[in-house]
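Think of it as A, B, C, D, E, F, G and H in the order they're written, each chain with its own count starting at 1.
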């Protein structure tokens, strides 16, 4: 299952709203509001690369509260939770 | 429990080695090798801010195979796993 | 007391206004207008991490004159003033 | 008195050493180790622009433990301490 | 024939539209939608530097759906297609 | 006489207009439209640091066609023209 | 067939050598030396994501003359050649 | 005559040396040591694009004291000196 980590910058003051939207998406396995160069980090997982594309382009990048996204495709991952 | 997301760039060719090191650290809850602006993304969790500091400075930033780290303290997180 | 240094870029021409706003906030220990990659540097101190969060998200990041903020949590500091 | 804020990235593992060096310099009014895009933030003040230049070039930028410096000349500042 | 590679960031949600526009331009030899720091990569070729300039400034940089462009003039190229 | 080099990004399509404005300012000793990470590079010279400040903040950074400016104070310069 | 665009920075003076190496790799469909933020842009195509991974990690990122790579997975592409 | 503006970062402590080297090159029309994101800004002019290439690759990018260069080809310039 393709996985991606997305570094998101939101419009000023829209952090909470974007965070809550992401929380409600089934493909979002984890989402974090952070201090630093980016505002939100999301980990998404989808059935195939096309579905991944739809999430990134249709859900994320078409939301007016999102200012920019940097999508990094996961090559290999390990979760100890 | 304070949590942080760390964006890591490794020395050329050291991706796998750094990835494996991180996998073995108990405070590392998840670690990913990724394509893109950064090489590895790690999610770490520790008892308190001092422990977090030790992990970042004593484990991560003193490894010769790590070229740079960008630490983002988590303000709020949600994991659906 | 948690402390943070915030690198701020303002909307064009809003430097003075944002600078004056920050000056008036009790948690702002120091604020500087600068030449360079960022427009304003602010040093803030708060009672706890939640208060710090409110300052960053409720005061700073919801001001329309602020274009972007980069928050860096202070690990250790020394002031000779 | 000209003032500058310097954003410093150190060689891996050299954070503490550079921090301590800066602490000992009289022209360094404040210095902070931070999490984030930069490793250390220093606020320096000198009698004139030439002295400022010497601090940046002769003290800071010739230290082998410093990887990069970004110097921002202060246009206007306010300290509430 | 001067050639340039242009790294494009589009307005949120405008990826497809900008991609299709570029596809229709004769000087665009190749165009790719990508995951990562940039949204679209275009390879353009023109008769001379002035024509190249018009493409960049009159076609690309005046489109409201384009947020930023980074133009890199090709020094030397090799295509095995 | 204090001198500064300013790296300017303009709003999309406003390159020529900003270039022409800068050309008309007496303190602008040279101005270039360029391909690359920045859109325009200007070299300005003024009687003192306050005048320099006015040019940067009152002329440049308050123009609606300018998206961002990165001001670098000149430490030492040499012109062979 | 998965495709990726890789933005490469080489060690100082190693541009030609890295360019020639890339030219000789069958999976490299096009490679360009460029002026600007990056030194070389390569377009690679492989049978599957694992092969893509090997090219990026085993060939590119283990070459001592390569300083950094930024890999962008192609979502959709069009070539008019 | 093609012209380029080059943003240079030097190895730590090598600012003066690189500055002096550049001053001695006939194609360098102006060179500045600066405070900020870059260390040195050079304006070079050559008879043709090939000569420009040699200056950038053979003189600049092969000097051990130069850490990175960002070359921006001039589209249009105006000098009031």
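Assume a contact is a pair of C-beta atoms (placed from the backbone, for glycine too) under 8 Å apart; a residue touches a chain by one contact, two chains touch by 3 or more.
All values reported here derive from a predicted model rather than from experimental measurement.
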Chain G and chain C - chains in contact with each: A, B, F, H
Matching chain pair for G-H (criterion: over half of the contact pairs shared, by residue number), options B-C, A-E or B-E: A-E
CA centroid of chain D to CA centroid of chain H, Å: 27
Intercentroid distance (Cα basis), chain H paired with chain C, Å: 36
Separation of chain D from chain E, taking each centre as the mean of its C-alpha atoms, in whole Å: 40
Contacts with two or more other chains, residues of chain D listed in rising order: 35-37, 57, 70-73, 75
Pairs of chains in contact (touch as defined earlier), listed by label: A-B, A-C, A-D, A-E, A-G, B-C, B-D, B-E, B-G, C-D, C-F, C-H, D-F, D-H, E-F, E-G, E-H, F-G, F-H, G-H
Chain D - residues contacting chain C, complex: 3, 5, 7, 19, 23, 26, 28-38, 41, 43, 70-81
Residues of chain D defined as touching chain B within the complex: 9, 12-13, 15-16, 35-37
Of chain G, residues touching chain B in the complex: 4, 56-57, 61-64, 66-68, 70-73
Chain B-touching residues of chain C, taken from the complex the two chains share: 53, 57, 73, 75
Complex contact set, residues of chain F against chain G: 35-37
